[in-house]
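Every chain is named by a letter (A, B, C, D and E) in the order it is written, and numbering of its residues begins at 1.
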């Protein structure tokens, strides 16, 4: 007999006069809140029919945003920072997910057991992988190293995608890797050691994902932005409620290929609509300090909390 | 047929070489000036970015190592591609054994091969050279196989009837007969190699031309990104010129025979 | 029959080597799974309608892209190859554009066409076009001088010369070009889905990858390889029919 | 067809092949005229420039200097009224077409009905003795058969001017005699003007109304001989005429002299 | 070289070309033997299977059935003692090599000193009258010159057995006569056994010690004629002998009959 694994994901039939909205989001477990919110009908209540486009990071999402092909994007804050520095006309209208100010965080630097690294300062002079150079990962790691008394300039960063990092770590091609869930759990289970949780160590509760739109859309269709923001706010609150965790995990299973046990155990971030502007400004300051950015973005223009 | 005076001929060549690009640049300038799209940098901005980005230490740090890997990749592809192509083209049994396997590998996207290559070879220059070869070898291999198989039957019978030994038959009959096809393949391989050099550096890298382009792209440094693509194009032209010189030597008989030079 | 057997031997040899890499501990089986596991997963996938739907999407992008690229390359390549003026005038531009990596053009394509199939299509067409274009230019130049004189002296019209002289001469080159382009188009169709995220096999590969699901990932990689094999088989068949007169096909029939 | 003016006028024709290894002067200074409906045979030593001359006549090669005129206007490209049988017959047939396709190809743009075209092709193949090979490909034929296909193609084209470069080199004596009579018949009944290059001296005398003897390369016209044999010729009786023998001896002597000229040494007979 | 046994023995040779459009039986049933040092000329209608026979003798083509033996052992592949001049001379020369390179290529693996090799090549080119063309490429030569290069290559190879397929088809009468004498001289002084296909009946009688007349395809031996002319021959006197005329008439008749045989119709003379 044949199966059809897509059958469950079919979006509920759009009724009558819903406004079509295209949102770009990464295909990662964090997006569960959005998927869950859509399925729970929160967006439909606002008259929105949301279609999620799985863009791979800001490099693709922001051009599509500017081009008007998509209306909103969920992405890491460095994307809009860079875009703002180039006057591309994007605005952050709200938060989406943040790291945890205490307890286990959602990303961490993990060192292989044989490297002998236990403290951030020891990362100096070693090969450390991040998924994307010149973004929140290496900036906060450098800050953490410096805080621990190491020389941040000596850390040798290489770019390895999260999914490839465990293998490279095992092969000894890198000494430590900055990874997210589910890889932290996977590596821990293998006996590798968490060296530092760089977000928590430098800017506790730093935003990992924000909601972005184009300035043009915000000016031309303020009503849509308002409606979407309201729905997002509700969605994120909904997702933050422990009572809804089962729905969230179900959304992961529906949309991602994670094995069941992983989907059930993967650590979810703190969802919330309210932006922590101070944290973002601090991140930009650190980025300037380590010459990842050469200027500060214009935060008054960039951040327009709805 | 062409102008007799060398000065005139050089001028004509220059005009041909630069005519269309000049027109394209003008059109580009007009277009980018009239469009308010931030993703289309104008020619002047790109030129300025080019000067800022690539002239100076970046050339030594990023471009030269990339070029070295590129050269190694191309050389490796040619040697391996031609050798394997001749073997596969002339040995039917081998062709039938390896054929499906090669087709299988040919269809696998390099981005998914890079993690495997990394696992087996580490994050090293060798890995990148291997990735370059994994793409650039195909045009050479396929063209060599087809070229060898298309060798005129009377020419082969002549070689057989004079009992020309294997090695000489290869060197003086099969290789030259396949040379026009091989050169077609090499020409294609050059640009494929350049593309794969970029792709190999877009993953798991922290320096190199490809890394730079990916970096600019991610950071919306639009003019810089286009300047990187401009540099790639220029490298492409340089490779084409070098290739043209080699080709003219290698295929002199062919071009004479086909009156290509006189056409 | 013998041919199929030999080809199967080749593939079998490869599978053995593949199996040995994790078995000898060269690479942890967690990252490079055993072929048997991959095969098992594939069988499971084959029973999933969603898999076939994605396959259809990918193959649609592939076929459309390849067809467009081939058409454009044959027309432009023939024109450029036959008219010396065009060849000289376009030479630098062509050499400039050819090495521009299609992957680097993805943002531009997205900018112009959004996160849509069309963006992926542009990338596929761009990459596949050059493969055919170069072959056609060389093929067109390969016309035998006596054969050309014959056509001219019998007053064949331009169209007839194209149809009956230039095209058959360039056909072997064109076939090679299309076979190269078919693989490149497949690669780019998959890669574009991986990067742009339009639905298809590529997106599934990316999903497996980000989930750390090596078995699923290699299963899909094997599927792309098998697709390439299949595509090539079809082209071989076409080639045998259309190039029956050609030395390379003829010589196959000798004892 | 203005009857007063000559069909072909060649004046001070010169052709130099430019090549990387040095220029080769193939034709030095050649002048002759040919009337409508004439059959001119051209003979000359191997490599003297006959093919080069024919290519210039056919508009396939541009002379380095001099004039080639057809019907009073300069030849700048191939004329539709002309058909050429090339010396390299093997390469002038298209391997991707069948024998029938090869013969039919030049007829495609002539406005003929399908039936007429088919008849023409069949007749031409019949005339060269190859009706049974119509569906073969050229590479399935013997050398002589290929050459006959090339001849059939030229005949089927029904040209006003027929240019043939050693067209019977690869066929046996009997076929050759038959084909010679075929050319003469086409010439007589259809009034086709013919330029015919051959190495066979008897053939040139038997066929021609005129024989042009060329000198060795760089070539000039060494002798322009009118063949005053009766127009009705026959393989047995004509060749037995004393005048035939006289003419053939004359051509033979001229060629021998052309060959032994000062510029090119003939083949040496002894081998180390 | 065992003198008792024949050099070549062909028995019940049959060759069928298999092709998509149907099988073609080129050689039906052919038997003959040839002794060491003989010069056998083969004549037969165009397309009768002469080239096919030669290729079987040279080990380039596998017979469908029957025996081809050389020096008592079956021929399975090309023998080092043999040199072949192909009918398609144009395609048998390598365009990427110069004339000199083409002639030299088969000598490379013979253990000759550089000087001897150079001499051999120069002598061979001299013998065919092409010393000045050594540095040209084949495509810069006329048809006849190309054919002579192919002949020079075979001569320079110094084979024991020389197989020539219409080698003089593209050269002029005078050169042809010279080359004929060259072949006879090689045959007489060096004792080279020669198989010589020609369409020129006079040539076959002048050259051969034996003439094999083949029937039309599928071919058989129609006549095996011993040429009882004196071994010392001369272009003028030999050809004037009454016996020469007798023999040539005889061959001519045989060919004509071979041609007009029931299976294949000869060329029809009339053209619609």
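One rule holds for everything that comes next: contacts are C-beta pairs under 8 Å (C-beta built on N, C-alpha and C of every residue); 3 or more make two chains touch, one makes a residue touch a chain.
The UniProt protein names, listed by chain, are D, E = NitT/TauT family transport system ATP-binding protein.
Being a predicted model, the structure only gives us computed values, none of them experimental.
Asker: Provide the labels of all chains in contact with subunit B and in contact with subunit D.
Answerer: Joint contacts, listed by label: C, E.
Asker: Where centres are the averaged C-alpha coordinates, which chain has the largest centre distance to subunit E?
Answerer: A
Asker: Work out the mean Cα position per chain and let me know which chain is farthest from subunit D.
Answerer: When every chain centre is compared against subunit D, the largest gap points to A.
Asker: As a quick test, compute the distance in whole Å between the mean CA positions of subunit D and subunit E.
Answerer: It comes to 26 Å between the two C-alpha centres.
Asker: Taking each chain's centre as the mean of its CA atoms, how far is subunit C from subunit E in angstrom?
Answerer: Roughly 49 Å separates the two chain centres.
Asker: Can you work out the whole-Å distance between the CA centroids of subunit B and subunit C?
Answerer: For subunit B versus subunit C, the centre distance works out to 17 Å.
Asker: Report, in whole Å, the distance between the mean C-alpha point of subunit A and the mean C-alpha point of subunit C.
Answerer: 36
Asker: At least two other chains touched by the same residue of subunit C: list those residues.
Answerer: 27, 31, 107-108, 111, 145, 194, 209, 246, 250
Asker: Indicate the residues of subunit D shared as contacts by at least two other chains.
Answerer: Correct list: 19, 88, 91, 137.
Asker: Which residues belonging to subunit B are in contact with no fewer than two other chains?
Answerer: Residues 37, 39, 115, 119, 152, 217, 256-257.
Asker: Which stretch or stretches of subunit C touch subunit D in the complex?
Answerer: Subunit C reaches subunit D through residues 144-147, 149-150, 152-157, 160, 164-165, 168, 171, 245-246, 250.
Asker: Which of the residues in subunit E come into contact with subunit B in the complex?
Answerer: Residue positions touching the partner: 55, 58-60, 77-80, 82-84, 86, 88, 91-92, 94-97, 101, 105-106, 108-109, 137, 139-140, 153, 157.
Asker: Per the contact definition, I'd like the list of subunit D residues that touch subunit E in the complex.
Answerer: Within the complex, subunit D touches subunit E at residues 17, 19, 21, 24, 43-51, 87-88, 90-91, 119-120, 123-124, 126-129, 131-132, 135-137, 140-145, 148, 155, 166, 169-176, 178-179, 181-182, 185-186, 199-201, 252, 255-256, 259, 264-272.
Asker: Report the residues of subunit B in contact with subunit C in the complex, numbered from low to high.
Answerer: Residues in contact with subunit C: 16-21, 24, 37, 39, 92-93, 96-101, 103-112, 115-116, 119-120, 138-139, 142-143, 146, 149-153, 180-181, 183-184, 187-188, 190-191, 194-195, 198-199, 202, 210, 213-214, 217, 225, 228-229, 232-237, 239-240, 257-260, 263.
Asker: Can you name the residues of subunit A that touch subunit B in the complex?
Answerer: 57-59, 62-63, 66, 82-83, 85-89, 132-134, 156-161, 164, 167-168, 171, 173-174
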